[in-house]
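Letters A, B, C and D mark the chains in the order given here, with residues in each chain numbered from 1 onward.
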Amino acid sequence: MKISSNFDSGNIEVVSLDSTSDIQLNISKDNNSDFYQWFHFKIESTAGEEHQFRILNAKQSAYPDGWQDYKTMASYDRETWFRIDTCYEDGELKFNHIPDFDHVFYAYFVPYSYERHLDLIHKSQLAPDTQLITLGQTIDGRDMFLLQIGQEAEGKKKIWITARQHPGESMAEWYVEGLLERLFDHDDAVSRLLLANAVFYVVPNMNPDGSARGHLRTNAVGTNLNREWLEPSLDKSPEVFYVRQKMLETGVDMFLDIHGDEAIPYNFVAGCEGIKSYDARHQALEETFKAAYAAATPEFQDVHGYDKDEPGQALPTVGAAWVGEQFKCLSYTVEMPFKDHNDAPDAFYGWNDVRSAKFGADVLTAILAVVKKLR
Amino acid sequence: MKISSNFDSGNIEVVSLDSTSDIQLNISKDNNSDFYQWFHFKIESTAGEEHQFRILNAKQSAYPDGWQDYKTMASYDRETWFRIDTCYEDGELKFNHIPDFDHVFYAYFVPYSYERHLDLIHKSQLAPDTQLITLGQTIDGRDMFLLQIGQEAEGKKKIWITARQHPGESMAEWYVEGLLERLFDHDDAVSRLLLANAVFYVVPNMNPDGSARGHLRTNAVGTNLNREWLEPSLDKSPEVFYVRQKMLETGVDMFLDIHGDEAIPYNFVAGCEGIKSYDARHQALEETFKAAYAAATPEFQDVHGYDKDEPGQALPTVGAAWVGEQFKCLSYTVEMPFKDHNDAPDAFYGWNDVRSAKFGADVLTAILAVVKKLR
Amino acid sequence: MKISSNFDSGNIEVVSLDSTSDIQLNISKDNNSDFYQWFHFKIESTAGEEHQFRILNAKQSAYPDGWQDYKTMASYDRETWFRIDTCYEDGELKFNHIPDFDHVFYAYFVPYSYERHLDLIHKSQLAPDTQLITLGQTIDGRDMFLLQIGQEAEGKKKIWITARQHPGESMAEWYVEGLLERLFDHDDAVSRLLLANAVFYVVPNMNPDGSARGHLRTNAVGTNLNREWLEPSLDKSPEVFYVRQKMLETGVDMFLDIHGDEAIPYNFVAGCEGIKSYDARHQALEETFKAAYAAATPEFQDVHGYDKDEPGQALPTVGAAWVGEQFKCLSYTVEMPFKDHNDAPDAFYGWNDVRSAKFGADVLTAILAVVKKLR
Amino acid sequence: MKISSNFDSGNIEVVSLDSTSDIQLNISKDNNSDFYQWFHFKIESTAGEEHQFRILNAKQSAYPDGWQDYKTMASYDRETWFRIDTCYEDGELKFNHIPDFDHVFYAYFVPYSYERHLDLIHKSQLAPDTQLITLGQTIDGRDMFLLQIGQEAEGKKKIWITARQHPGESMAEWYVEGLLERLFDHDDAVSRLLLANAVFYVVPNMNPDGSARGHLRTNAVGTNLNREWLEPSLDKSPEVFYVRQKMLETGVDMFLDIHGDEAIPYNFVAGCEGIKSYDARHQALEETFKAAYAAATPEFQDVHGYDKDEPGQALPTVGAAWVGEQFKCLSYTVEMPFKDHNDAPDAFYGWNDVRSAKFGADVLTAILAVVKKLR
């Protein structure tokens, strides 16, 4: 029996491998940080035998509530990921599995590797009217990629989409992959109409260092990027620094920042009701967008989500809040579950990569509903 | 230079092939009928040379207004179909083309062959909870196929979908192909939720004889099936006879009958405002459905379409009217264009097979919006 | 319970459908002929129940020896075909089957439809240096298609390939499909080298009428085309007339005529040892070709096959013999089994469409071995 | 203008980026070694402008003769790689390129990433009768993977295939990918017959550390693995240590070690004529194998290659020599070019990933020719 995690976004520490009936593991902290919750490892053992796993330090993880009702994802071929019965008790995350093959990958969610990221980015530059721009470099020396889709023109809206500030929220990049694929589909009327009215600026991965390192929440030096938007620095948060700089250059008429939420078993959005400039017009736009998204897919809902901010009480360091205030524009954090979307649950797969991609494609329908009203 | 049409849904008569600059053609009438408008033929000639086509009898066709702003479809490989500049003048349909290859197919719309129909039908029987049922036989001896998707259960709604009563409206079967593909997609939340609440009864082709024969509007003996729903007969309209019989057996809670319209360059639906039992509840359902379809895709709209029937003046022989009255249920004729959907036009392809399939997939979102309110 | 065969290449007559335990069938004769052996039909019945089939007139079929050790092919989706245990006794072909789905197709071999033929032909015209030529028309009015691949040039050899003179030998067209796909593959060194040294003239279907009609051996008027090469006529054998005419125009340096054999469970070739001009040079070419084909794939062998002709005793009316004599060139009939290739048997699928296509692709390796020696 | 190489197998050092007309680069040495020749980097600049590249330290690279007639590979999407005109003069490798897109990857050969390696390995474990075994760990902590395909049984031959001891020879892993895909294809007669007669032990990547690091020739600590087979050590060459250990356990009846050669523009093999135990039987096997490979594909030849070893003068530390001597078995080093295979050259792509995969698939035909004679 052998456990490995020395691959893209791998994260686990072995405490004890003495027995298949008691495999003891810990999740490693993000570098220079106390956050942890993302795990991704492979076991090599014997197909057909029961294996009992315990993640001992689950209780001290970033969001222990996230373990409640969570089911571990597993894959034999790194392509199809399914769910394993899991329970959270005594502060530990426990799951048993009788694998069909000797090698099994387990992960907090379907991983999205840096190699796939590079493939997505560079394949995209071949699309019509699309430019791939490097804004700068991360602390580990990776490129911060921006895709500009559509040609700027008088009257066209500027729609910014960023994903995966929190690197363990890999669903965010699956979402963007689905969104891009649809946007590039000439036969899709939504995409044709959107590109006639808007230019898209898409950052598929805001945190490539944290992603490759197997972090949950921070970049290479332990910074939570989504608290850096007021005063990002090249030292601690170059990722935000460069994107914010480019936003100030292009302007922003709408912003979606794509995330995953550890606890809530629903897709939802968190808006700008707490920013200072929030007004009736902004609220009306929000309502239109949410209604349109709900009409486009039952994977979206607006009942369950975060508590609303009190007026003026939004955290100004958060991406969506900063953009909303700075550009006086529709600005949302989009949240997807690590568990399932309970309005349309799927016991076998739960929320996964395929549904994330569809959900990202469907957001274009909602954007089309507001694009002409953004200014 | 040679013209052929001896293949599935072929239809043309050559008047003169004396010169590439004056190719004179007529469309053949449906058997035992005066209807004609569907054409589908191949020319074998010389790539790189200009060919000038005239369809001489365009003026006497079923819907001469359909030729206004219509653009002929063409294909070299029978898979990708594009549009050719076309004009309707002096009662003739005229188009010039400098083909890239020696053999070119031209058609009124992207054909959907009987072989593809058989593939679709039988591949579908492998889907979970799906039954393929033969209701009876057409006059030419083809099977009338019904797909039942989902298991009948207390409280589940019965949703019937039929397509291509008018065989030249091939977009109707592309629509059903897209609808079925989505309905069978386990990762699609709309489909999972629908199948939890409804059973689908789908007739992908109501008129296989007319389709294979290259008819526009009628079956093998010249019957317009969509005028037969009050009193179908095994002699003249077995297709309707068998489907109607099965509907009476299963009951119907919602009905969509998929068509193409020769003249109007928009997707739209025609409802039941003219049937006797039409009431506020029926109207509310219609409004909900239409709003949901429009919210799902800009390929649907409700501004352009047929004139509304006066109360009680619906033709009771029409499928959607008969079903609406008989079962007191939501019942629509869905119409797609032969030209383009002018709310999201595409100069190169116009309305086509791919967009029809997407539009059929998108209707499931609209059905989900009403499924619980149908009774 | 219902049996149908009214589709492309359908062939069956129902004698009795009284009981699932005794389904009695006959195969229909080719039009205007006594040949029969090809069958292709669909049963609609009940999944999970045993069905016992008898083909009563198997004994009088063209090749009753073909039924020995033959296993019927079956498919639920018209794409994947597998084998059913079958026996030939008391002059009847008998097979039992407990189908997994309600609708099952049975056929003598995997069918290749006219629609697929048209797709293959027209898609091929898009390949580089490829011309699609119509040589003339069949008696039912179908086109006789020739694909010319490669540009004629001084020193290039002319390689002719025809398939399916006998329409029930559908493996012959699967073979050509595989051959063409490889020939069009730029990354394949064999194909690149061949096209530098030869022009291919390919007739994927010599008998489209018989194919669509569900014939075993003859064209629309009952002519066995492979006995017409000395004196074909526009009345009885236009298919041969046109191809032969074109051969005389282009010249032929090598010829392969692709067939299926009902009895012998092996792939093999039948050569020209019986033609008058056969000499040591011709024999050496034959040996080189056969050795190269055997080296390319274990699906070829040269142990089992037809008895050799005595010198000068070849039937001069047969395609391969006529071409061999007329053009003094390497000329082969290629035979594939309806059963299996016993040197590499597969109990579940037997010989099938996929293996036929691979075998057709592999022949290019053997042709490359002789191409420079052909003249 | 910006150059990056911080991705899987990246390797370049920028000397000067002052001008698009004089981009000066160096290749980095393998860690702890003087070997270098592999390069892989991306430039971000302006499409449509000419860029002139110079690799300044080409002359001191491992195989300066390799640059003669070499053409640099380039890709916009990381999937399709084509060749760029290149020259070697004044001890520098020079190439000019006017890219079609802003971002261009250049590499010595089509890269094969560690992520793709993990996908290949784990997808393979799902194949019938296939086991994925980890033999041990590399110095950087990666797994040494072995695929065992087929079940061991009395009389079955043990065929070992290893690839990419030299990590910059990425064609070796493309070769194995093609070989495995064919071996898993049930419709392929060669594969069915081979698996009835042999068990395959395949190590798709002997040097995963060097591969990920962008090395040419050595592992993480600078060891040339193909000189370690007499006395491998866990310190310097654990990769060879573990594989050799397993070979001694299973026995070996045939061995292929897959490589690329920098200089020779042909595919070829290097055999065991220089090992002590070489005899007529071994030679006969070699001749049979080479003849079979040449018969299977024109991508193989036996005219060009390395000089033959004098009897007894084989380097005993080389993998193929050690295996040949140890197990008295057929044992080959297979070499593919970085340039092109000049017997079937392709000016646009040269030798590439697709052809490597086909060449790997074709070797199975050659193995089948000897499998029963191996002992």
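We take it that a contact is a pair of C-beta atoms (placed from the backbone, for glycine too) under 8 Å apart; a residue touches a chain by one contact, two chains touch by 3 or more.
As the structure is a prediction and not an experimental result, all values here were calculated from the model.
Shared numbers divided by all numbers used gives the overlap of an interface; between chain B and chain C this overlap exceeds half, so the copies present the same residues. Chain copies chain C and chain D are related through a rotation whose angle, from the C-alpha fit, is 180° to the nearest 5. Among the other chains, the CA centroid farthest from that of chain A is the one of C. With centres defined as mean CA coordinates, chain B is found 41 Å away from chain A.
If you average the CA atoms of chain B and of chain C, the two centres end up 37 Å from each other.
We define each chain's centre as the mean of its Cα atoms; on that basis chain A and chain C are separated by 55 Å. Shared interface positions of chain A, defined as residues touching 2 or more other chains, are absent. Chain pairs recorded as touching, per the definition above, are A-B, A-D, B-C, C-D.
Those residues of chain D that touch chain C in the complex are listed here as 186-190, 192-193, 292, 295-299, 341, 343-344, 346, 349, 352, 354-355, 358, 365, 368-369. Those residues of chain C that touch chain B in the complex are listed here as 2, 4, 6-8, 44, 76-79, 101-103, 105, 113-116, 118-119, 122-123, 125-126, 131-132, 134, 140-143.
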